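Pasting the structures in now, so scroll down.
Shared between the two complexes below is chain A, which has chain B as its partner in the first and chain C in the second.
Then we have the complex of A and B:
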């Protein structure tokens, strides 16, 4: 019993983290039809910015309880520096190209950003452990968890719930849905599609950066951080269906729980199982578990 | 796509390259021979990617077969004490083909990004398995025996030369076969599939079958490439199957273009040179150099560097 509880709690914490890291990918694909490899770069940028700003904040002796706000602020700042630059400077000229070509362009941008990170922050690892331990811990049965994990779950819920409300309940959301449905007609109707693309790209990247910033206290921030998160995020959003919000949540839950169960019972299959689930979903429901039938276009 | 038979000089060029390697090989320093060998290995994999790209398909998991080839070569040496390079390359190709014959049935139904994502998932599965299998060295990988050719073990002095001559001969042979294949009706279908699949079906050809065949050929080439890279480096590790390795191959293929079977090898050589030189000058910006080159090629030379050679086809 205890073991099952542990598996579930671990799985949920991991799912929350996965969801934050991956939901931006599905948002950007859903709106712009871009398979965005720079997502991993923004995750890494967020982690580096979070680690260095928060590190400086704590080193200056400012109140450590505010370090969570600093983590969030650093993610926002770093995204505002890079995301509009990439979208306005490069991507917007590429929208006419095929999906696969845009994928390659984001791959090139990913390579460039990898080295931008090295140039700005160097290759030495960054550590900020303070925010992780600050909140103490809570018990589930016999296991003790750092309360910090609840922040991750909270962010995941706020991000997912907020996005759903935004899309379903507001005027902006309705406009965005028309942009998704038909950018050309939306433009003809007087919707500023370019602005929606800019905001979507920035916001999607921001979610990745927040994921990175709030992961920074739990790991050592080293070069190459973004490489792994890309494939993981792909696995998550593909399982639920590219472009689907509830799909991303479901994908994160499936991957999170499956992974935590595997780690507890068959640790050797930890990596295998995630991609196995991804391949199975692609094999049987290529457009994800939440997909509808789609007519073949000539 | 210039494949007109009357002015086709591909085969003589391939022969000349092989001859040049044999003649000038002993004069080159060892590091250059190594670089060339790796370029040939990666060129083979990229040739396979090119076949798929001609039909409009981008595989983000070609590293799967590169890795299978490498690990087949490695295991032959480790468990069966077979260190013959030729045998390793042949077995690498067969192992890759065996897997591709099964996975191809599934992948031939996919297009666009789903083709890329599924192939990526499959190669990450192999990565996940290898990274956790202790008998094959986990993430550290394993070293493999120095190669022999026809039972002769070359001295340390000549090892690199023998490896490159053997590798180059096999590569030239395989490339010539691919060149012939591209002239068959099945090979010529690729651009048509890219343009309009449904018309191809109306013509009476099976798109799925054509893609299946390309997928299997690509796997064979990648298997050979993986085995060759493994013998040249003397070491294999699970990173051979990681998605960034597939990214390198895509980079090479896009850089080179799809106009000639020789293009991927030129692309691979340029890739290795950019990487070596950029890494030498500034170790922290070599990826940036690669990224910028890729961007420039996509924007300004959408048909790759090879389109710089020869006149553009009218129309």
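Then we have the complex of A and C:
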């Protein structure tokens, strides 16, 4: 029984982390139809900004408990510096081009941002271990977990729930759904589609940066951090269905729980299992579990 | 009289210039391709310290400021030039980069490679291109156990030494221990390290119980579930050959859960993280440095020289990748100069340098390096392990034990796995 509980807890923690990292990717695709590889860059930028600002905060002797707010603020600042610049400066000129061309452009931007990170932060690792242990730990049966993991679960719930409420319960959300459904008609009806694109790209990138910032206390922040996460995020959103919020949540949960169970019971298959699940889903549901029927334009 | 003076001047000038032109030909620079991770997760703990050591040691050698017998300028009087290449991008990229080094940059030799995957991919290409190549860091013993080479060398010991040394130390330190578990990266280095460690433990303590082996992918970064299973296994000791950001992430995530307090950690590359993560590594964790490097280095002239110069230049002490790079350059320099002397003082060919390096023995900052196995192409060294202890806020190692080279490396012609399973017969 203890082991099953541990599998579930480990799975949920990993799912929460994955969902925070992946939800922005699916949001941007859902609204803008961009497979955005700079998502990994924003994750890395968030981690670097989080590690730098929070490290400086703690080094200056400011209250450590506020380091969580500094992590969040770091993600917001770094996103506001780069995301509008990329969307207004480059991507908006590319929307008329095919999806694959935009994908290649975001890949080029991803490579450029990797070098920008190295120029700004160098190649030495950054550590901020304090926030990870600051909140103590909690026990689940015989197993001890850092309470910090609950912050990740909380952020995932707030991000997922907040986005769902925004889309379904507000006027802005309804306008956004209109943009998702048909940008051309939305323009004709007087909706400022460009502004929605800017806000969506910035907000989606912010979610990636938050994921990176709150991962920073648990890892060594080094160049290349954004590469791994982009692969995993794609697996999650492809399982759930590109552009679907419930899909991303379910995809993250499936990947997290399956991975956790594999590590506990058949560790040798850990590498294989995530992509096996993805292949199985695509074999039976080629557009993912929560793909929506696409309207056909005549 | 005037024309005679002119003639004499011309003859004198010609005589003066003649040896210079011969010297100039012999003193053409020696071009070395240096390959190490300069980006990605392995850059900071491995690639950059190794690159820094290469730049420092070569600069000092060019100035004739290395301790004897490395005090001749450059390689036998020829200035050393470097072409530095980033090792990241995967094996296919590295093979392309290697061909570029040979065919476009026209290097005289290549010193490099941290990843075992790189070494496995590069070795046959080096042989095909007849390029003298010295692997300075990668650990998998398969390179010289599965094939033999004329142009390929490795002046650092294999992962077998690390694993056998770790097992010997663990047995000495915890003789009543009953069980072990492992977490290693899922590729050649991690797999070889665990297989050798597990087999060594079974030889040394036949009743040992192996609770589990976790093999997460390289650069996975998140180890909560693995840590849970390791905690749940209640193993007495946990072996890990994790390196780079993976090692640091494992230590960071394990610390608040008390993993290495509940089970003795055996971190074979732990030295690279011991100063940075002193607060997170509990006392009593067994730390390795992939040989007698860093805190385990002997007190000899080469070690004192490297530590002093490195510390002055980079403001941090050298870690084991720096030691391995330094000794890789030193070994090739001695072989070059030996071959040059045998060649009547003329610039030696690659074949002559390879012949001089084969089966050679030289002293470096980590002590004696013997090119004793792999048909004289693979180094063996003594190794050392110790336990972490924070003293006055600084991380140190205590209870250091040294194991002679022949005790932790297989003899010539015997594969590591067979040697361990055969009871470490000499």
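The criterion applied here is as follows: the second predicted complex is superposed on the first by the 291 of 298 C-alpha atoms of A that agree within 3 Å, B and C clash if a C-alpha of one lies under 4 Å from a C-alpha of the other, contacts with A are read in each partner's own complex, and residues count from 1 in each chain.
Convention: a contact is a pair of C-beta atoms (placed from the backbone, for glycine too) under 8 Å apart; a residue touches a chain by one contact, two chains touch by 3 or more.
Keep in mind the model is a prediction, meaning the values are calculated, not measured.
With the two structures aligned on chain A, chain B clashes with chain C. Judged by the touch definition given at the top, the superposed model places A:123 against both chain B and chain C. When the two structures are aligned on the shared chain, A:268 is found in touch with chain B and with chain C. In the superposed model, A:142 makes contact with chain C only, not with chain B. In the superposed model, A:219 lies in contact with chain C only, and not with chain B.
Applying the stated contact rule after C-alpha superposition, one finds that A:101 touches chain B and leaves chain C untouched.
In the superposition on chain A, chain A positions 114, 118, 123, 227, 267-268, 270-271 are in contact with chain B in one complex as well as with chain C in the other. Residues 35, 90, 98-101, 103-105, 107-112, 114-116, 118-119, 123, 227, 230-231, 234-235, 238, 242, 267-276, 278-279, 282-283, 286-287, 298 of chain A touch chain B in their complex. Residues of chain A that touch chain C in their complex: 2-3, 6-7, 9-11, 13-14, 17, 114, 118, 123-125, 127, 129, 132-133, 137, 142-146, 148-149, 215, 217-220, 222-225, 227-228, 259-260, 263-264, 267-268, 270-271. Interface residues of chain B, counted against chain A in their complex, comprise 56, 58, 106, 110, 112-114, 116-118, 120-122, 124-125, 127-129, 131-133, 198, 243-244, 247, 250-251, 254, 284-288, 290-292, 294-295, 298. Across the interface of their complex, chain A is touched by residues 38-41, 43-45, 47-48, 88, 186, 212-217, 219-222, 224-226, 228-229, 231-232, 244-245, 248-249, 252-253, 255-258, 276-277, 279-280 of chain C.
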